[in-house]
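Below you'll find the structures, each written out as structure tokens.
Here chain A shows up in two complexes: once beside chain B, once beside chain C.
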Partner chain A sequence: MRRLGRLLVNLLLIGFSISCVFPIFWVLYSSFKSQAEFTISSMALPKVWTMANYVSVVTQSQMGTYMLNSFRTTLMSVSLIVTISFVMGYCFSRFRFRGRNLLYTVILMGMLLPVHALLVPLYIQIRDAGLLDKWYTLVVPYVGFGLPMGVILTEGFVSSIPRTFEEAAAIDGSGFLRTTFTIILPLTMPILATLIIIMFFGNWNEFSFSLVLINRDELRTVPVGLTMFRSMYRVDYPRLMAGMMVALMPVIVLYFLFSDRIIQGMMAGAIKG
Partner chain B sequence: MQKDVIQPKSWVLGACILPGIAWYVYVVILPMITAMRNSLYNWSGGPKMTYIGFKNYQFLMRDSIFWQAFRNNLTITLLSLIGQIGFAFILSSLLAMRFVRLKRLHRTVAYFPSTVSAVVVGYVWSVIFNYDSGLLNSLLRAVGLESWASPWLDIPSSIMYVVSIPIIWQYIGYYMIIILAGISSIDQEVYDMAEIDGANGVQRALKITLPLIKGTLGVCVMLCISGNMRIFDHIYSLTGGGPGNSSIVMAMHAYKTTFIKSQFGYASAMSFGIMVLSLSLIMFSRVLIQQPWRKEAAIDA
Partner chain C sequence: MKKLATLLALLLIMSLAVPVLAEDTVTVMHLTNLQNPASDAPMSAQNMGELAALQEFLAANPGVTVKEEGYSDQSTYQQKIYTMAAGGDLPDVFYLKGSWVSEFVNNGWAVDLTSLLEENPEWKAIFNPGAFDNFTRDGAIYGVPTQSMVTSVVFYNAALFREMGYDSFPTDWEELYEAAAKFKENGYLLFTMGNKANWPAESCWLSTIGDRLTGTDWTNSIISKDGTAKFTDPEFVSALEYFQQLALTPGAFNIDINSLDESQGREAFLNGKAGAIVDGSWMISTLEQTRPEFFDDLEVAILPAIEGGKGAPNTASGGPAWSYALSSKALSSPEHFALAAGVLQAFTGETSNRVALENGEIMSATVEFDKSKTGPILAKFLEMMKDKSTVPIYDAAMDSVVIETMNVGLQELLINAKTPQALAEEIQFQYEMGN
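Right, the complex of A and B next:
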């Protein structure tokens, strides 16, 4: 009876895990089907494996450009978020200065504010500033939206590092910048890694701001590029699926390479948050 | 106050903090202020703006599509609270049991969907729900339930339940990881003692885990509400708000008002409305969670 219960729990969890990956797995093998075969049976494995859909994605769509754009935007945003958050979080955690509490509260507010209410207002503001459709346009909102979480995570983490590190360094004659970057920075690496992970996936997948702030096809990012792809091949599901697989590949590879780190980072972040 | 040996000069401190503050203010605070101003105008986005006072807000109060969108947001939120946090709690309690095999694999696989772009999730599920060649209907036909096969995304009365499924599916693993983090901070001895006293799995989950991770669950509830108040990508890629306006959500309505109807002034008023509604709901849930006499309600809601 007890053994049976244990078996059932294990089976239940295996069933749940399968349901988590099966849809993506289905997209993967269906992308090797012809449209005709998909229409006849959408469930079965392909009888004839064809690369035609992938050839068409690579040769007939802008997917390469979209990926390059996503990559550039994500890289710039994440590096800026991490650098600025680290410096700000460190200063907020260590030093007392006039206006500190007010500024920190304003930053904290950013965690609660529904950013999607800013979709239209920020579009208007960026349009009027003439910043639409630039290669750096998306970095502006992504960094702005990423800072609150970055500052809060680093602030909390630095508070757990004893001040004696910096005091000793100061007595030994190390200046502020040197202490911050050669002593504190390495110590905060665990939380910065968490931040990089959260921000990487968030920015790589961001859709709505990318949709409204970028109109030139050669600047589109992957998620919006996929909607272009979809409107081109509305009923050709296997071809759409090949496009989705190409778009997903970097995330899948990165996730399964670093999944242990990513989950540990998320769990650490969850405890802090 | 005693001079601090490590405190830098104030201009150094300013140079460290102000650029980030300025960036944040430009992206988050300034648009809110300009939206408040723009919401008082009749404006189609061009140079001509006509001051109309609070007319946009009066219009917003009577805009049945906006309130339908708000109700839809609430429906998704409610279903997600039950579906995501409820399932995540059950699954993480099971996963925390000692005899469960493949723990790491389950964790890794469960978190995976949350790393996938919401647009991809929407498209994948739109193919799953497709009438002719969708996975769901093929499955139903294969097991002889031919009559159950439906055009899932074309039935207005049930559309909100259908679009909630992919959203719930995507984020169960996300909440699972947060809850597992909460469970891992509980001392294992507490469970061992309970086991010696003869508490079964369900009792341990409800009487030990649940009260001890109340704080974590509160965080989950807030994340869930704020996440679902801003839902947009899934709806955009699954239904586009249709059929008709039956699955429209607030962010989508603001988007359409701006980019299809070019009512910039009205969309600004709507953005302000979305902000107020979402914030009040988050505050409301916070109050509910912090009131001990209502804690069950806040967690189950």
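Right, the complex of A and C next:
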């Protein structure tokens, strides 16, 4: 009876897993189909496996440029978000100063704002500031929208680290900056790794600002670049999927690298006495 | 010394940053894959025409730069152009959809092109009658049409219809109900539709059914907002009733109408499991590339006549949905306006239309072209359309809020979750709100 129950639960979970993983496999095998075959049957496995879509993505599209742009923007934004979040989160957690709660609330409010409501005002501001259509343009809104979550996560995490660490360090003669960056920073690695992953994917996939703030094709990022595979009344799905697979590869590699780091970070966070 | 070096470096950077001014630059934003070989393996026929015309323009105007920004996906382009318009940053020449015209005109974003067209009669003369209708407000023209289309073409599998005892596609609406029963008996579907994106039911079906019952005068009255026509008029309600009755007839449609997207909706037809599909003329190129097994028996028709309706029976919804327009930015100086107008004329002129027609696009202008290049389905389609005329496409001519209500409501109507009367009232309410 108990076995049967377990089997049922497992079957249910396996079902859920398949429904999560299947779309990726679908995109993968469909990218080897021809457009004609896909139109006739979108779900079936390809009868003839063709590399033509990949050849055309690599040789005829700007995918390389789009990916380079996405990497540059994401790398800059994520490093800024993580650095600033850590410093701010640490200060909010350890210091009580006049206006702290107000300031913290203002930052919290940033999470409540729907991005689309800000699209036009932000476009006008950035245009008037002369920052439109530059290689660093997207870093500005990305960091702005990333900070609230970053500050809240680090603030919460630092609060859970006992103050005794800093006290012990102070007794041993460590200064404020040294304590912050060589003792507390490594302890917050788990949350920073989480933050890096969330922000990396958020910025890598961001579409609206990338579309509105960038005009030149050579500065477009991957999500906007992928729409270039569609045309007005027709979408060459297999080719679009090949483009998606190419765009996905580095992200998958990075994901595995970082998920490893999370575990390492958790171990490093343990008190060694 | 170090300071001097820094200063020199700064000067160098600044001199690099100052743009080298060409004689003039015309900015263009449109739906294209000109710049992006990535977008679509064979470039669209319209884009080929535009490219050829642009090269002619550039050769005739040395020193002029045309800075193009292209998007190949409609919704992406829409989001971008609306943001730029709201920020007062439209390019000189841009691609304008019929349903956006009111908004662009009311906000002063689009320039009145009437006098420009009057000054160039030989340019205006190439356009088909009625081609400017979707882009005209209060007698003023705001856009010059490009490709044309028929949104309501019946593509049918003649072999399958013969098997069911029909020599050709039914020409009387009542026959559709019997046909649905016959198809169902033999394990087939009469029609297949993928209406997940919610516009196909309205654009490909209702625009034509509506006209059959209300007549074109009614539609024009709705578009011009003169107050005589209402969506709650019995003719329009009865159009919704006809559509719903067909949709609810067993065997007429697939049951998952609202869950399939357009390409999934086509599968049953392409696999020979459904007798017909009502789709736009843009489907022709897909069919000619896909070549389903019954390719030689693939025929085209229009939706059947409805007895007692006020509209003509030999029509299908169609016409141009998109146009080229000029923004108020183009008015900065007379010289600049002349150049921007030149680009506009190039994109919509003789060369552009000829090349597009030769490559299989249906355009809103009639110019001489080499007919030997057309594919078999396109040839059948052009032949079929010879004695037919087009009536307005709802989503190309009516305001977008009204269309949105109609589209969403039709999804419910088709699965019997809403009555025709209730939907008509909802649409009318939105329509009055927008006036």
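The working rule: the second predicted complex is superposed on the first by the 237 of 273 C-alpha atoms of A that agree within 3 Å, B and C clash if a C-alpha of one lies under 4 Å from a C-alpha of the other, contacts with A are read in each partner's own complex, and residues count from 1 in each chain.
Simple rule for what comes next: contacts are C-beta pairs under 8 Å (C-beta built on N, C-alpha and C of every residue); 3 or more make two chains touch, one makes a residue touch a chain.
It should be emphasised that the depicted structure is a prediction, and the values quoted were computed from it without experimental measurement.
After superposition onto chain A, the partners chain B and chain C occupy overlapping space and clash. In the superposition on chain A, the chain among chain B and chain C reaching more residues of chain A is B.
Once chain A of one complex is fitted onto chain A of the other, the partner contacts of A:N215 are limited to chain C, with no touch recorded for chain B. In the superposed model, A:L147 lies in contact with chain B only, and not with chain C.
Once the two complexes are overlaid on the shared chain, A:Y123 sits against chain B and chain C alike.
Once the two complexes are overlaid on the shared chain, A:A36 sits against chain C while remaining clear of chain B.
Once the two complexes are overlaid on the shared chain, A:R230 sits against chain B and chain C alike.
By the document's definition of touching, of the two partners only chain C reaches A:S56; chain B does not. Of the two partner chains placed by superposition, only chain C is touched by A:R239; chain B is not. Judged by the touch definition given at the top, the superposed model places A:V21 against chain B, while chain C stays out of reach. Only one of the chain C stretches 21-29, 57-65, 75-83 or 147-155 carries C-alpha atoms that clash with chain B in the superposed arrangement, namely 75-83.
39, 41-42, 119-120, 123-124, 208, 211-212, 224, 227, 230, 237 are the residues of chain A that lie in the contact sets of both chain B and chain C, per the superposition on chain A.
Considering their complex, residues 31, 33, 35-41, 44, 69-74, 76, 79-80, 83-84, 86-87, 89, 263-264, 266-267, 270-271, 280, 282, 285-286, 289-292 of chain C touch chain A.
Partner chain A is touched in their complex by these residues of chain B: 1, 4-8, 10, 12-13, 16-17, 19-21, 23-32, 34-35, 38, 45, 91, 94-95, 97, 99-102, 104-120, 123-125, 127-128, 130, 132-135, 138-139, 142, 169, 172-173, 177-178, 180-182, 184-185, 216, 219, 226, 229-230, 232-233, 236-237, 250-251, 254-255, 257-259, 264, 267-268, 270-272, 274-275, 278-279, 282. Contacts from chain A toward chain B in the complex involve residues 6, 9-10, 12-14, 16-17, 19-21, 23-24, 26-27, 38-39, 41-43, 84-85, 87-88, 90-92, 94-97, 103, 106-107, 110, 112-125, 140-141, 143-145, 147-148, 151, 163, 166-167, 170-171, 176-177, 179, 201, 204-205, 207-208, 211-212, 222-224, 226-227, 230, 237, 240-241, 244, 247-248, 251, 255-256, 259-260, 262-263, 266-268, 270-271, 273. Touching chain C in their complex are the following residues of chain A: 35-36, 39-42, 56-57, 60-63, 119-120, 123-124, 127, 208, 211-212, 215-217, 224-225, 227-237, 239, 243.
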